Structures are given as C-alpha cells and as structure tokens.
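A, B, C, D and E are the chain letters, set down in written order, and residue numbers restart from 1 in every chain.
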Amino acid sequence: MNLLNLYQNNYLIVVVFLALGVLLPVVALAIGRLLRPHKPSAAKQTTYESGIDPFHDSRVQFNVRYYIFALLFVIFDVETVFLYPWAVAYEKLGIFALIEMLIFVVMLLIGLIYAWKKKVLKWI
Amino acid sequence: MDLDTLLSFEWGAMAPEFIILGVITLLTLLDLFMPKDIDRRILGWIGFAGILAAIVFVVLSYFDEGGVTSILFETYRLDSFAKGFKLLLLAGSALVMLMAVSYEPKEGLKEYRGEFYYLLLAGTLGTMFMASSGDLITLFVGLELLSLSSYVLAGLRKKNLKSNEAAMKYVINGGIATAITLFGMSYVYGLTGTTNLLEMQQVLMQTRAGDMQFLLMMAFVMMFVGLSFKLATAPFHMWAPDVYQGSPTPVTAFLAVVSKTAGFVIIARLFITLFLMTPAAEGQNSMLFSLKDMIAILAVVSMVVGNAVALRQRNVKRMLAYSGIAHAGYLLVAISSINLLFLFETMWFYLAAYLLMNIGALAVLQVLTSKDDSEDLSQFAGLYRRSPVLAVLMSIFLLSLAGIPGTAGFIGKLGIFVGAITEPSKAYVLASVLIATTVISYFYYFGIMTQMFFRPAASQEKITVPVGIWITVILCALGTIALGIMPGLALDFYNGNLDVLKDFFAPGR
Amino acid sequence: MVQNLLESSPSWTNFFIFFGLATALLLAVLGFVTYGILAERKVMGFMQGRMGPNQVGGSWGLLQTVADVLKLLIKEDTIPKDADRPLYILAPVIAFTPAFLVLAAIPFTDKFQFADIGVGLLYYIAISGITTVGVVAAGWASNNKYSLLGGMRAAAQMISYEVPLVMSVIGVVLLAGSLNLNEIVASQGETTWFILLQPVAFLIFMIASVAELNRTPFDLPEAESELVAGYHVEYSGFRWAFFMLAEYVYLFAMASLTTVLFLGGWLAPFGGFLDFIPGAIWFALKFSIVVFFLIWIRVTFPRLRADQLMEFGWKVLLPLALANIFFTAIIKELFFK
Amino acid sequence: MTTVPLSAYLVLALILFCIGLYGALTKRNTVIVLICIELMLNAVNINLVAFSKFGINPSITGQVFSLFTITVAAAEAAVGLAILIALYRNRKTVNIDEMNTLKN
Amino acid sequence: MNNMFLTILIFAPLLGVLALLFIPKTNEKLIKLVGFAATLPSLIFAIIAFWQYKAGAGLEQFAVKAEWFSFGNKEAMQNLYGIELYQPISYELGIDGFSLVMILLTAVLSTLAAIASIHIKKEWKGYFILFLLLQIGMLGVFASENLLLFFFFFELTLIPMFFLIGKWGYFEKENAAYRFLIYNGLGSAILLIVFVILFAKTGTMNIADITYLFHSGNDALIGGMTDDFRLGMLIALLVAFGIKLPIVPLHSWMLKVHVQAPPSIVMLHAGVLLKIGAFGLIRFGVGIFPEQFGQLAFVLAILGVVNLLYGAFLALIQTDFKMVLAYSSISHMGIVLIGLASMNEAGVQGAIFQVVSHGFIAALLFFLIGVMHERVGTTSIEKLGGLAKVMPLTAGFFLVGAMASLGLPGMSGFVSEFLAFLGLFNEMPVVAAVGTLGIILTAAYLLRAVMGMTFGKTPVYGEKVVDIRGVEFIPVVAMLFFIVLIGVYPSILAEPLQATIEAIILGIGG
C-alpha cells in the first residue's frame, strides 16, 4: 500500500501545484482590482494600432505556412511518442529495436526532406 | 532480443511488403530529386513494375510447402488467407496504377503526379499488412495506413473543389469510423488482455456464456459498424457516393476495389478468428452465429438501398458508388451465412470478379470523362459509334456487374447464392433479396448500355485512349470473360494452392 | 518526516500540508524572479558598460523590481472593447499555470523535491507545451493585428523548437535509461555529467531552450521594432505582469532542468572529495551559472530574422538531434553492452 | 483514497466517446468535428490504458496499442487539417453544411 | 467425333461471329451472306442428327460430359462429412427426342429468320452478331443436361434479344426492350433460385440425376424435401416459365415485344423463345415434380383455358394486325397448358405438337407481316384493305397461315389442338368444353383480321406496291411445307417424341 500511497501523493502534489498556479493569478488580479483605478473611456478601449484608427478585421487570414508548421510539429512531436519508450528501454531491446527505430526515423527523415524540397520549411 | 533472433525470422515471407516499401521510398526520393522537366509518368511505371515484382513473390510463396509462416512474434502471419487475398490486392493496385499513369484531369496533375503513385503504393502496403496481420495492432496500423493514404489521394486535385470536399468528407467519416472500430477493439483487448488474434481466440473461447457477454457484444457491434464504413455498406454508406464522385477516377477505383477488398479481408480476419468460437448468451455456442442476423439485416439494407438509389443517379460515378454499396451487400450475404465450406472461396472469387469488372468500368469512365470533367450519363451517349470496341468492353463490365451468365460477376454471385442456400439455417430470404435486387440493378446497368448503343452521340470526336487504359481495360475484359466461362481456372487455382480453412485456425506454424 | 507524509494515505490534511510547502516554493520562485530580473538588468548593464538600476533600494537597486511590481499592481487594467473577453482574461492564467506546474517535478536536491514522478522528464515537456496555447489565446483574444501576428509567430517558434528540444533530451534518456529526473541525476553520479557525454545534445538543448523562452536572439514574437510588443500589446497592468512572470518562472525551470539533465544536478563535481558541501549549494551554483549564461547570450547576440530562425530549427537542429540520438545509440550498442 | 475501480475508467471513456460522437455527428464546424474525433480516440486510449493496468489480464500491450492510437490520431488530425486548409482556400468555408458541391 | 457433335452444333454460329468481327461494317452484302451462312452448320447438323435418329440410332451417342468447375472446399467437406457434399458442375450436353425436335425447329427457324433479315435497315454487322449469339443461346437451352448450363444459355438469349429489340425495333423499341429484360430477368431470377435450391438439396446439377433422385422415393437423398416444399418449387418454376410462355397475368411484356421488335426477330421470339417456357415446364415441372404437377393440373387447365379465351377475346378487338397475332400467341400457348394439364398421353403429345406447330405458324405470319410492312408501311387493319389486289400472293399466304393457325384439318394446328383437347376431355370435360369456345373465337378473329386486310376497299398506298418476291419465297414455302407435313404426316413428329412422352407419362403415373 505504501507504494500506492507514494504514487498517489506525488500526483496530489501536482494537483496542489495546479491549484496554486491557478490561484496566484486569480488572487493577484482580485487584489489588484481593489488597488487599481478603474476609469474606462472609449479611447482607452480601442484596439491599439500605432495610434491610427484600427481598420479591417484584425483576424486576418494567415499565411498557410503557419498551419504547415503546425502539421510538421504534430508529426515530429508524435514521433517522440515512440522514441521515448524506446530510449528508456533501449538496454533491454538491443540491436533489433535500433534497426527498427532507424528505419522508422529514416522514413520520417524522408518526410522532412520532402517538406524541405517542397519549400515548406521556408518562412514566407 | 539479439541479432540471432533477428536473423532467425523468415524475412522472406515479407518480401512483397519489403518490395513495395522499397519502391515507395525510391519513388519518393526520385520524385523529390528528379529535375522538374522530366515526366513523372515514368514513376508510375516503376511503381507498376514494383507491384508486379511483389505479385511474383506472392505467387512464389504459394509453392512454399511450409504452411503458415509467422514472424515477429505472431504479429505477421503469412497463411493461405493472406496469400490469396494479397494476390487480389496487388492485382487491383497494379490495374489502378495503370489507370493512374494514364490519368490526366482537366487542370493537370502538375507536381502531384509523383505523389499519386507512391501514395497508391502506401495504401496498398496498408492493405497487405491487413491481409497478413496476426495482431490487433498491426491490423489497425495497416488499416490506418490505407485510410490515411486514401484520404490524401481523394483530395489529390488540390485546386478542384469537388476533390477537396470528397477528401474532407472522407476524413471525417473515416475518422469517426476509425474511432468506433478502435473503441470496440479496446474492449476486446480489455476482455482478453492480449492483442494477438489467436491468443485472443483462445481466451475468448473460454469465456463462459453470460460472462462479460454484454461488453463483448458491444465490442462486436462497434467493430462491425466501424468497419462497415470502410466497406461502405448501408446505412454507413453516406460518404461513398460523394467521395467516389469527387475523387480522381483512379482513386475511385482504388477505393471501390482495393479498399473494399481490404475491408472484407479485415472483417473476415477479425470476426471469424475472434467470434466464431466464442460462446454467446442464451445457450448458443457461437457469438458470430448469434449475431449473424444483424449482419444479414445490414446486407439486406445495403442491397436494397444501393440498388434502389442507384436507379436515380445520373452521374455515372455515383451510380457505380451505389452499385458498389449493393455489391458490398452481396458480399455481406456471404459473411452472414457463415458457410465455412464456401465463405473464403466465394468471397475471394467475388472480390476477384468485382476487381476486374469495376476497375474495367471505371477505366472506361475515366477515358470518357477526363475531357469535360463531367460524369453525366450522357457522356456515354453514342459511345458505340465513337468507339465500338470501348462500348463492347464496357458492356462486358456492365453485364458482369449485373451478374449475367458468361461473366465473372455471375459466377461470383452464384457462389454467394449457393453458399447462402446450402448453409445449415438456409438463408432463403437473404438469397431471394440478393436475386431480386440483382434484377432491379438491371435497370441502371442497362441504362448505361442504352446510352451507349441506342442514343446518338453528342460529339463525333474520336476518343483517344491512353495505352495504360487499353491494357487495363483489355486485361479486365479478358479476365471477366475467362472467369465467367471457365471459373475453374480461378477456383481450382485457389483450392489447389491454398487451404484457407486449415491455416486460418491453425495456431502458429 | 516528509517521507512519512508521502507514504501516508492521501487526504485533505496532506493536501494542505503540500499546499503550504508549495506556497513556500512559490514565494521562493517569486523571490528569484524579483532578483533574477534585477540580476539580468544589472548584468546587462555591466556588459553594456552602464549601471543598470541603481536608485530604488540603495545603490544596487535592490528594490527596483519590487517597485515595478507595485506600479503594475496599481496600474489601470483596460480590456479592449473588441476583445474576446473570457479568452482575454483566461490567457495569462493559461500561460502562467504550466510554468509553475512544471516546478513540481524538478529535484533540487536528493531530498528537496516535491513530486517524484516516474516520468518526470516527460511531465516537464508535456506540461510546458501548454504555455503555447496561452500565448496564442492572448494573441487571438486581443483582436489586434500585432497581437495576432505575434501570437502566431510565438506559437510557430515554440513548436518548431520544441521538436529539437525534445529530441535532444533523448540522448540523455538513452544513457540514463530512465525518464525519472532523480535517476537521471543518479546515473550521472555513476558515470559523469552528461554535458561531457552529450555535448551536442547540450548545445541543442541550450539553443532550443533559449528559443522556447522567447529570449533574445529568438525573441521575435515580442520584437518591439516589428510587432510593437507581440502577443501582449493589449495587455497592461497585472495581466501583462503574468506573461512576464511566466517567462521568468520558465527561466527558472529551464535552468533547473538544464542543471539536472546535463550538469549533474546536486552532485558535486570531480568525484567524491567535494561531497562535504551540501547538494543544495552545488545545485544553486550550477543553476546560477546557467542563468548567467542565458543572460550572457541575451546580451551578446543580435536578433535573428524570422526565416533564419525557423529554418535553423528545422534544417539544422532537428537533423542534428536525430543524428545525435542514433550516434549515441550505436555507440552504446557497440561499446557499452 | 483508494484505487479507482476499472469501471470508473470505462464509464469515463464511454462518456467521452459519446460526447465525441455526438459532436462529430452534429457540429457544423469542421475543426470542431475533427477535435471531436480526437476526443473519441482519446476515449479509446483511456480504455486501453485502464485495461492494461486493471483489466482481467493486465498486460503492457494495451499501452503500446495506445501509443499507436495516439500516433494515428495525430496523423489523422494532420491530414484532416491539411485537407481542410486546401478546401478553405477554394471554398472559403469550414462549414460542413456548405460542402454541397457533390450531388447528383 | 460424336463427342464434339452437339458442341459444334450449338457453337457453330460462333464462327460466324468471329468472321463478322473482321468484316468492315460497310460491306453490307458480305455481312448478310456470312450472317446467313453461319446459321447453316447448325441446321445441317440438326438434320443429320434427326436423320440418324430416324434411321434408328440412339441419341445417347451424342451425349458429352466434361467437368467444368466446382464450388466449395472439397477437403473440408471430406473432413466434415466424409463425402463430397456437392458434386462438380459439369459441362454436359445431350438430347432426347423432344429436344432434338426443338433443336431442329430452332435451326430451321434461325436460318429462315436470317433470310428474313434482309429487311433490316441498319448496322447489319451488330445485328448479325447478336442474332447468331441468340441462336447459340436457343440451341444450347434445348441441349443442356445440366441446370447451370441450361441457365447459362437461357440468359444468353436474354441479352442479344434486349439489343435486337432495343436497337432495330420500331417506335417504342426501348420501352419494349426494357419490359422484356425486366420480366424475363425476374423469371430467370426465380429460375435460378429454384435451380440452386435443387443443387443445395441434391448436391448435383445434372438434370437426369436430379430427376432420378426425386423419383427414387427416398427423401433423404433430396435433403428431406417435404411435399409442400416441392409444391412451392413447382409453383416457382411455373411462374418462371410462365413469364416466358406467357401465362396470362404475366404476359404484358410479350405484347410489346411482338409489336415493337423487327419481324425477323419476332419470328424467332414467337417461334422459339416462347417455347422455351413450354420446354422448361415439361422438362423440369413435369419431369422433376410429377406428383405436384398432378395436384396443380386443375389450376393449370383453368389457366390454360383463361389464356385461350383471354387471348382470343382480346384478339377480336385489336386494330393492329400485330396485336392480333400477339394475342393469338397467348391464346395458342393456352392450348399448350391445356395439353399439359390433361396429364395423359394424348394431352402431352398435343402440347408438344402445339409447341412445334405454333413455332412454324407464328413465324410464318410474322414473316409475312414483315414483308407487308416493308411494302405498305403499316400493320393497322383499319388502314389496310384490298391487299388481294395489290399483293395477291402475300394475301394468299396470309390466308393459308390463318387457316393453319385456326386449326384447319390437314395442317399442323389441327393435329395439336385436337390432341390437346382430346386429352383434356378425358380428364376434365367441363373445362375442355369451355375451352373449345376459344377455337371458335380463333376462327372469328383471324378471319376478321385477314379478311379485313385482304379484301374490301383499297386505300391509296404510297408508292407502287410490289408483291412478295425473290428470296422472300424461301421462308414462306419452307414453313408452309413443315406446317403441311406435320398436318398430314404427324408421325414424323410423333415417332421421335414417343420415348420422351412415354417417360413423362411414366413419371406422372398415368
């Protein structure tokens, strides 16, 4: 039971940190509300655009590259899902896993080269 | 695991997969590094050659006397079932590849042409893994490799709105289906504690009736529903017409034939291995048998919906999509009747026939529609005048799809029909629906023929048929007729070389 | 005592005790931030041949940051009319919370650690990724072109550098055979510091972590000259302070992690003869060096161009990290089996 | 506090799955639909991991399976978003109801 | 050689198809010649077979059997049941007296119809290819010794017919083609169900074996089929062949086809294809389920009389001569049913006689219609008149054909009607008495129609109308020859049929 308790307590700590992490901004902002002045005016509440009146919708359409980077990130970040367990258990797995992982990563590298050659990695 | 274990595996069993994988890699790199001005069609031919090489290795494996080869701790099984269906999958992909080489949409494929070929191969690789996986995880990975490749393939015409929409719909429907299937799989895993199919079978056999029945039943239904999306059987067919219509025609052929075949492969593998010998509630001794009525209802709905809605279509691709739904329904009849004496054989034969006739029909369609980007029925008007040979070949495919004797389609249907009627509980109703809906299907198949032969052509322009299409169409037509007149060719080959029934349940080698 | 506490059954009592301890840590971190900022300004000042803050709180400017905080606290807080209000309010919290949350897993010494999680490293990496969401949310919610562009840039940069960061650590994991930060430190005790065994990984890790922290030379998301102030243009007062706070807490966390992963954590250098000095001191020392190093980098390098930044991440760091992994694995397979 | 029983995980997964399915079938915004699909896949992960820890025959395979699920989910999301972007550029909508060019 | 005899007989037209494929489609003369010539080998072979048979040789020598393919996993069957549950399906052909007669009829009519095809106006190449395929189908149906093979050929007639009607027919040709397709498709679907159930129950597709098993009295051999089940099967067969025959409620498609299809095709359709229904009913209905057939005899008799009277009454009021003949065909098929329903030797003989006789008569009349339509451009009785003046020979032949059709003694129609009614009077006198009314009506409607056309006021026909001439005489004369031959010397048919009829009677137990 001790091990289980240890395990659960460790995660209880994480919960504590989470609670504290949320509480701090909330409390600080709540206290701040008591201290700071509050005199809103139309000018204060406009969107900042270097002093001129804002024009157009600010939610403009982005360059598609942002999304492509997001997709690349998803792919390579998920790769680590396999790399981490492999790295941890590497001593037990040995050469077979190494070769497998090599093949796997080479495949992903081809993906990277693909993105590279297709000029996806170029910013703007 | 050390090097010795590694080398002790019979890697030769995986030769076809390795070839395809190698060709995919090669094509990707070639496509990336080849100068821009070289025509990418050459890549298609390389891919075609690769598939042929893989076919050779699959056929060579038929002469292996060793029975079942299983490597990688039973996750990869090369049994007769895998050998038999891999041949179909590869043959289908080869024909689709030929279609793809000749594919030229209105706005051109531009730099995507290379991608076309290796994505097709990637999808094929997925189906091959599905055919010979002995483990839930590899099964699933194969399924997803196929699915993901086909999503992209469906949307390959990036500038074409229809293609975009088709891909989007496919992704959404496919994603939902995957999730449902997986949810079912997770229960099966949970109840057995393993993902190895044969081990699961052993564990499930020992479950007492009533014991966890409910969860298992739920898993069964969920997996079946999820995979039904893949098969495009009603009522899970909504995506199929849209996706077939929007996709480039070779991709339509791939989805309609190779992907569907793979769907049936996975269903056969999964459900017959897992649930045939699992005791069911209420004293029945097989869960598959106890739930076969559900499959039968799906089959009936598919046959009726597919054929009835196809009647109303003017777009030929959609019509073929609905006809595909109906054909999936016919195949479900085979599965729901679970007549082990006939099941694998008839399924195999039917899928072979379906492969030939459907790819053939779509290849002809591709030639006719690429020019105007319209798939309206009227595109077929007066085909007999414009190109008699094409018209006659197309009618062979249509007759086969309609199941007229003398064509492979008839023998396939007959096999299913015989299987359904000879099984112990006699699915007369099911068989009758099969036959009745077949007659309904005459209306639309002959509708196309009416256009081709009876109607005047809109334009007298000569039709230029690319060489790839010629090869595809002629091979398909020859195959359709040969299998229709001498079905023994295929059936004897199948029965002589493969013993699916024995291999399927044999644990290990 | 703590050990007993940890082994007792979880309960509300435990919760409050932990809460108290965590608050203590929070205060310590806030203290660090207060003087970290000061230190940064001072160091930058010295390096640039000027004084830095020297008025408030004596000639060292010891209370400068405190004054800044007080100023922020009583500053009026405006929320733009067109902003997405709930998201606008939520964004600083989303950005800050994970920064504090990651501290739970870091072992400062063998005794002084809050949560000893089996997959501590993974926990750190997973949680720290959430901050990006806060940044993007802030950019989006402000409904301002600068903010949005800044937010998107920040997100693109953070995710681009997250990949090499995560990959570089795999070399360490390979050597240590564990994701538990304690064990990683322990295995450094058995061999030697991983900075020596994994120099490439360390380099990549440092570069990537600077980028992750949005610090110069990778501070494009908040580049004043291009984007005014990036994703937090519209933020003012204490809401803005929380973005800054998050940044410095991350600095703290990242420096700690670097210490743990590469510099042997609380272990004394050069074998056992320096063991008489407590681990905490060693840790603090190494930690300070890392922080100093980071500040040094900030002062030294000019800001990169956006395209150079992204391409560097993907085309140099990522392949390098992958190569490092396999180089390590092969070396280990060949010589240490 | 003691160990959470298996059934709790299963119920949680089922609820998540149902929410996801409901969303995927009813929502009009494609991005939300894709996220709902992710939700369903994550429900599967909960199931798998719970089974692998507390199942009838606990085994590590479930966790391995869940890794593959995660990967596939990511790949699916990537492909889905890529296609959505392509569609958006041509059609200027992410609304499922407005995807209606395909019909007879 | 004898092994290949039937195969060559049936597939000889295929040579013509191959030859036609390589003839350019502009070469009209050659195409017509080849098309005609390709029908001849089958005719010659059929005559040889008939002649040998008349000379006393057995028909068994022609039988051929070769394994075709097999369903099911044999090894598993062996393991599970110890036997091969389902025998391989064979390619087996064979003839008896009845089928020999039918083959001869088919071969003769095919050749004649090929001659009649001179009136076809367009795309001769496609036409003759389909025509020859149709011929193969028809010949094959009669020679099949195997259910599946039978079905194969049965369906093989369907597709060429669809195109022949749909492309070369008259105004509403497509509609007619579709009706033909769907009705017959449905019929063949039902047929397939019955066949496969038979296969499932007995494990074989050989017709003789199945018949033997059903007559053996051992229910276990036929999968424990109950009597009710057998009755159901028979009814299904009745529907399947009833559509083809056609029996009254299922006849509407046939009217369309008769009116819309080109004359040469209608010759074959009325002359042979309808008879496949009768052939099948005798072969499978009477052959495999005699007892159940006995139970249904009364119903069949009623159906027969209904057919007879319904056809006759409606023929009486038609204004189009083609429709008159179409209804007359329905009416005459009623006689086939009547003959079968009587279940005695005379009746069955009458039915078969009627099958053959009506084949010739209907073909003759439709050929004449084709000739006439070619000249005057209409078949409406009201618009016609005075043909005797402008086309005396054609008019004369019409009259002779009508006489044959209404059963004038000395012609084939008389023999068959007489025998059929003789049979029925022995069994069900009342029904038969009602039926005879139909004979009178036949005379009435035929004479009304033919008289209306040939005599009376002559309307103005477009151009100069020429009488029947040239090769057109050949079919007319040939068919008249057969009609009269059977009429005056019935034993030419009766002898070959003797054995078959005896076997049937034995099965019925009458």
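Convention: a contact is a pair of C-beta atoms (placed from the backbone, for glycine too) under 8 Å apart; a residue touches a chain by one contact, two chains touch by 3 or more.
Listed by chain with UniProt protein names: A = NADH-quinone oxidoreductase subunit A; B = NADH-quinone oxidoreductase subunit N; C = NADH-quinone oxidoreductase subunit H; D = NADH-quinone oxidoreductase subunit K; E = NADH-quinone oxidoreductase subunit M.
Because the structure is predicted, anything quoted here is derived from the model rather than measured.
*Asks:* Remove chain B from consideration and name each group of chains that's still held together by touch.
*Replies:* Remove chain B in thought and the touching groups are A, C, D | E.
*Asks:* Which chain is the middle one, judged by CA centres?
*Replies:* Ranked by how close its C-alpha centre lies to the overall one, first comes B.
*Asks:* If I rank B-D and A-C by number of C-beta contact pairs, which comes first?
*Replies:* A-C
*Asks:* Based on mean C-alpha positions, I'd like to know which chain lies farthest from chain E.
*Replies:* C
*Asks:* If you average the CA atoms of chain A and of chain E, how many Å lie between those two points?
*Replies:* Each chain reduced to its C-alpha mean, chain A and chain E end up 81 Å apart.
*Asks:* Using Cα averages as centroids, what's the distance between chain D and chain E in whole Å?
*Replies:* 64
*Asks:* What's the distance between the Cα centroids of chain A and chain B, rounded to whole Å?
*Replies:* Those two chain centres are 40 Å apart.
*Asks:* Using the average of all C-alpha atoms in each chain as its centre, how far is it in Å between chain B and chain C?
*Replies:* The answer is 52 Å.
*Asks:* Do you know which chain B residues sit against two or more other chains?
*Replies:* Correct list: empty.
*Asks:* Got the chain E residues that touch at least 2 other chains?
*Replies:* There are none in chain E.
*Asks:* Out of chain A, which residues touch more than one other chain, so two or more?
*Replies:* 8, 70, 77, 94-95
*Asks:* Under the definition above, what is the set of chain C residues touching chain A in their complex?
*Replies:* 5-10, 14-15, 18-19, 22-23, 26, 73-82, 92-93, 96-101, 103-105, 114-117, 122-123, 140, 142-148, 152, 155-156, 159-160, 162-163, 166-167, 170, 173-174, 177-179, 228, 233-234, 237-239, 242, 306-307, 309-311, 314-315, 318-319, 322, 325-326, 329-330, 332-333, 337
*Asks:* Which residues of chain D touch chain A in the complex?
*Replies:* 1, 3, 67, 70-71, 74-75, 77-78, 81-82, 85, 89
*Asks:* Residue numbers of chain A touching chain C in their complex, please.
*Replies:* Listed in rising order, the residues of chain A that touch chain C are 1-2, 5-6, 8-22, 24-26, 28-29, 31-33, 35-40, 42, 44-50, 54, 58-60, 62, 66, 69-70, 72-73, 76-77, 80, 83-84, 87-91, 94-95, 98, 101-102, 105, 109, 112, 115-116, 121-124.
*Asks:* Going by the contact rule at the top, pick out the chain B residues touching chain A in the complex.
*Replies:* By the definition above, chain B touches chain A via 1-3, 5-6, 25, 28-29, 32-33.
*Asks:* In the complex of these two chains, what residues of chain B are touching chain E?
*Replies:* Residues 340-342, 344-346, 384, 399, 404-406, 410-411, 414-415, 417-419, 421-422, 428, 431-432, 435-436, 438-439, 442-443, 446, 449-450, 453-454, 486-488, 491-492, 495, 499-502 of chain B touch chain E in their complex.
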